[in-house]
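Shared between the two complexes below is chain A, which has chain B as its partner in the first and chain C in the second.
Here is the complex of A and B:
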């Protein structure tokens, strides 16, 4: 910066700086900023297909009276309220167990638990759909062990379909979160644990009173990205439940509803854009939450 | 308290739990591989032994699906998207870190905000834009909106902080132009950053589903991900054939993972530096 202000060379620097960033800025402006502003404009319009006219807040009013939207919103919120904590806790426990250098075969365990991250969302959804079929491997195994008496209708019962979606997402993303915690644990001074152990602090207390507080920034970060990811959930639900959103819309998410409104039913771009702005607002709220939580942390 | 037996109990619980989790993580992969060798009925019944239907499944897959074309479509999209994203983003990451000005720093902060934009809010305008440009059913339409990625720009900028500025100064003294410094010094020095970014972008592009689902409607343009999805959503899906498809869809990313495991994890962690 100091160099850039030193007279003649400054302008030269500046031109170069803009040239380097121009392609990225241009593309982002054209394919992100322009569309996001356009869809805000669209959300105040109504009509079929491209025949849109200004409708004020009609779409927002329609949201409150649309039971399918309310259902999609509730489902989406349920997914992250239930799934994100389970996954984060599981990932934390696994990371702290696998961080122990005396654990034999921890390299293998790490790779194995990380492996689900490699699959595409579509591929694993398809696999899960097969495994959780009514007479599929999961039901027959559970029956053989004696946990259940009759097969669970994973794909056709509103409650179990939701459970299945949660199991599937947890399978895919736990290892991903675990990797973040393992990396952060590398930076924790081992002697803290030694002192605690000598003082007779039990393992569980070491986990809750040392590991978790020290990992708070990473936990926060992963919670936010998981939440944002869950709010946008589409691929899994679409593929687990044949694009319909499950039995009586039990697994319908906001993204899937937008897709249905736009590309499955008679297209209503205005209303679909309004629903999509609900996601924008949710994500923005969470981002603010993260911002404030981070500020709190720095104090 | 008997310390020895408590320790053994802890070990049993630890290994039991970690082992179970590892088993559950790997199981679907095993199921997929075994499934490809079995008939659809055997798969659904939960047969967990290798069968003899592998050749039949592969043959059926190749008659139902124009596999080389589909695979080529996926590869074309992934390679094009990756090459362009890396080029554009590394230029920007380098530019934002090396040439600073107050305006550019402000724009950079605004740029980071675009990471929060959910794709669902973009897809309708993007679909209309692509329609107007006559790009529906083209791979260009799939690739174009993915090139400008704030996240990858951010990743490159973070990594550029570690780029030794002495190298740049020395090159300047030697009379290299800015683009030459970038091309001949920055790019080779930052190989590992490119490798990690390559993995993230390639995986995202290869696995991309929602946007291709919207834009690619003709069979000639479909990707492997779309094909696997439509095979599985048949009323009576032939699971043996579906398994062959999922294996083909997973193979490239699995290969990247096993050959570049370190960069893979590094890429995943990129954002928390």
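Here is the complex of A and C:
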């Protein structure tokens, strides 16, 4: 009797529970799972516009022979390898400086460094484009203080265009990462630092041996978030180069290439889906690598 | 108490209003049009709509103004999603992209072959909207090219307007060097991230990135090779002012820094927007290559109207386009004078506005010239991958600037185009 009753209630709760989550599950299935599965299916098709045909692994073979894809992949990885470490280090340094209670104007600096993150992606890209024009404020300032003799072709030279994109995303996202570190630093017990000071541990060693190890989970989190963001980079490049990824495809990213394949070129949705799965695989691989590098080691 | 008096009257008004609405809803047809330039095709479409509404009061127009890239993206998204609700009745498509849409989305556009008399239009415009024997669009503006030049600068360098007529590109570069030596002005503005000049020169010699069958035509393309050589020479002889982007390029001639502008006729309005330069400009045919089939006529840009097959107002939209754009010669005189639009309806050339002299160009009959050149534009197959090929050419322009041999540049372009074209 009692067992049966309990079973009944259990089933009752189960049914009700599933009923409550059913709308949400249905929506997730419709708007998340179905498109993901469908895009996977699409990546095995090829053709022009709506004339899609099953093509097997033809799209994957095409990736290998596509110099533009290789270029976009190289650019994206360059951004990632150069930009993410610079930004993470910069954010860590800024956070530990701004965590100092004796610093005057802490609130102001925190706000100032975080502010770029709440500006619109498009607005700041357009602004950067103006500032870094051949006769823009950056070149004229650098010339005035004598660092450069002739203006740097920020937007028209393949190397400098990449540098400009890296400057832009670093400016935009450093403050965002810094906020995470600041929050985490305030959770570190002050007594640990106190003990270290009493033992005569110098400030630099306190930073590398106390702050950084205790921030490890947060650093891992921000690294993964930044990796995903950089691999998916689109807005800045689109706006800085008028959607072309120029000069000479030097700033073309994978996301921008997907956009071009879908909306600017002859629409090939199958191939575009294949390139988007390259991003998925890349992000997954890099995240695994980062988890592996940051795993807890037995001492 | 008062309510009793007012209520019947009130409901009577509501009823009358509702029935009025129902009647108008049943009769009025609204044609939605997407296009992109408020000073050009949007304004022209409004003029065309106003003309049609005069004779067909039941048809109204909703002309939506987007950026060109947005029109293309919305159209491409709408067509590929398979739901036609969000699409307009008429859309403007740039000629380079026409075949791409026609071939990738079969059945999306209404064929107009039976309705419109295409023999009256410039043949190259009709050809680029033809697929499997059916013609799909209404030819609109032409991008027939010309060379706008500053008479005052050239005179200071010792050249008369006659010296600018029918020249070759090599002669153009020689003149450019002398202009710079004598006046300190550059010969032209050039945006190294824009392959427009390459396309102009290539088409003037009757070739394109693709042959008539749509196959990539890069390494064996004498016109493309000549175009790249010419651009390379312009760069190495340093007779150009570099520009970053469209606005910057426009600035090179509105500011008076360069002596010539070589582009499509649609730039006329921008050139004339500087009243202080009135009388200083002349227009000549563009220079030609020194190869077989080279001409002084080419095309840059230009676009046409297309009716969506799924449109609820398809019949009205087709009738409207046919009535105004294929028959109304007077309409073409108005848009020429107001907007500088050279249409591709050949009969329009007989109109009064085309024969008029333009004081801005020192009394030259520029419109007559442009329409004469229009008839000579070599017809080429823009194919479906012009955007891809153009991106490949643009990517190689810096290499050309650094002095890479043209044959190597062609090979690099060919490699990139071959990978894209499938």
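As a working rule, the second predicted complex is superposed on the first by the 263 of 299 C-alpha atoms of A that agree within 3 Å, B and C clash if a C-alpha of one lies under 4 Å from a C-alpha of the other, contacts with A are read in each partner's own complex, and residues count from 1 in each chain.
As a working rule, a contact is a pair of C-beta atoms (placed from the backbone, for glycine too) under 8 Å apart; a residue touches a chain by one contact, two chains touch by 3 or more.
Everything numeric in this text was worked out from a predicted model, so none of it was measured.
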(request) May I ask you to decide whether A:263 touches chain B, chain C, both, or neither, giving the answer as first, second, both or neither? (result) both
(message) Let me test your reading of the model: by the given contact rule, A:205 touches which partner, first (chain B), second (chain C), both or neither?
(response) neither
(message) For A:285 in the superposed arrangement: first (chain B), second (chain C), both or neither?
(response) neither
(request) Based on the superposed arrangement, let me know which partner A:195 touches: chain B (first), chain C (second), both, or neither? (result) neither
(message) Applying the document's definition of touch, where does A:247 land relative to chain B and chain C: first, second, both, or neither?
(response) second
(message) According to the stated criteria, A:148 is in contact with first (chain B), second (chain C), both, or neither; which is it?
(response) neither
(message) Is A:68 touching anything from chain B or chain C once the two structures are fitted on A? First, second, both or neither.
(response) second
(message) Taking the superposition on A as described, I'd like to know which of chain B and chain C A:180 touches: first, second, both or neither.
(response) first
(request) Between chain B and chain C, pick out the one touching the greater number of residues of chain A. (result) B
(request) Using the superposition on chain A described above, determine whether A:81 touches chain B (first), chain C (second), both, or neither. (result) neither
(request) Mind sorting out which residues of chain A both chain B and chain C touch, each in its own complex? (result) 50, 133, 242-243, 262-263, 269
(request) Using the touch definition up top, name the residues of chain A that touch chain B in the complex. (result) 1, 4, 13-14, 16-21, 23-28, 30-36, 38-39, 42, 50, 90, 93-94, 97-98, 103, 108-109, 111-124, 126-131, 133, 135-137, 140-141, 171, 174-176, 179-180, 183-184, 203, 218, 221, 228, 231-232, 234-235, 238-239, 242-243, 254-255, 258-259, 262-263, 269, 272-273, 276-277, 279-280, 283-284, 287
(request) Could you pull out which chain C residues touch chain A in their complex? (result) 69, 72-73, 76-77, 79-80, 82, 100-101, 103-106, 192-193, 242, 244-245, 384-385, 387-388, 391, 394-399, 415-416, 419-420, 422
(message) If we count contacts the way the header does, which residues on chain A are in touch with chain C in the complex?
(response) 46, 48-51, 62, 65-68, 133-134, 155-156, 158, 242-244, 246-249, 260, 262-267, 269
(request) Using the touch definition up top, name the residues of chain B that touch chain A in the complex. (result) 10, 14, 17-19, 21-22, 24-26, 28-29, 31-32, 35, 43-46, 48, 88-89, 91-92, 94-96, 98-101, 104, 107, 111, 114, 116-129, 144-145, 147-148, 150, 153, 178, 182, 203, 206-207, 209-210, 214, 225, 228-229, 232-233, 237, 239, 242, 246, 249-250, 253-254, 257, 261, 265, 268-269, 271-272
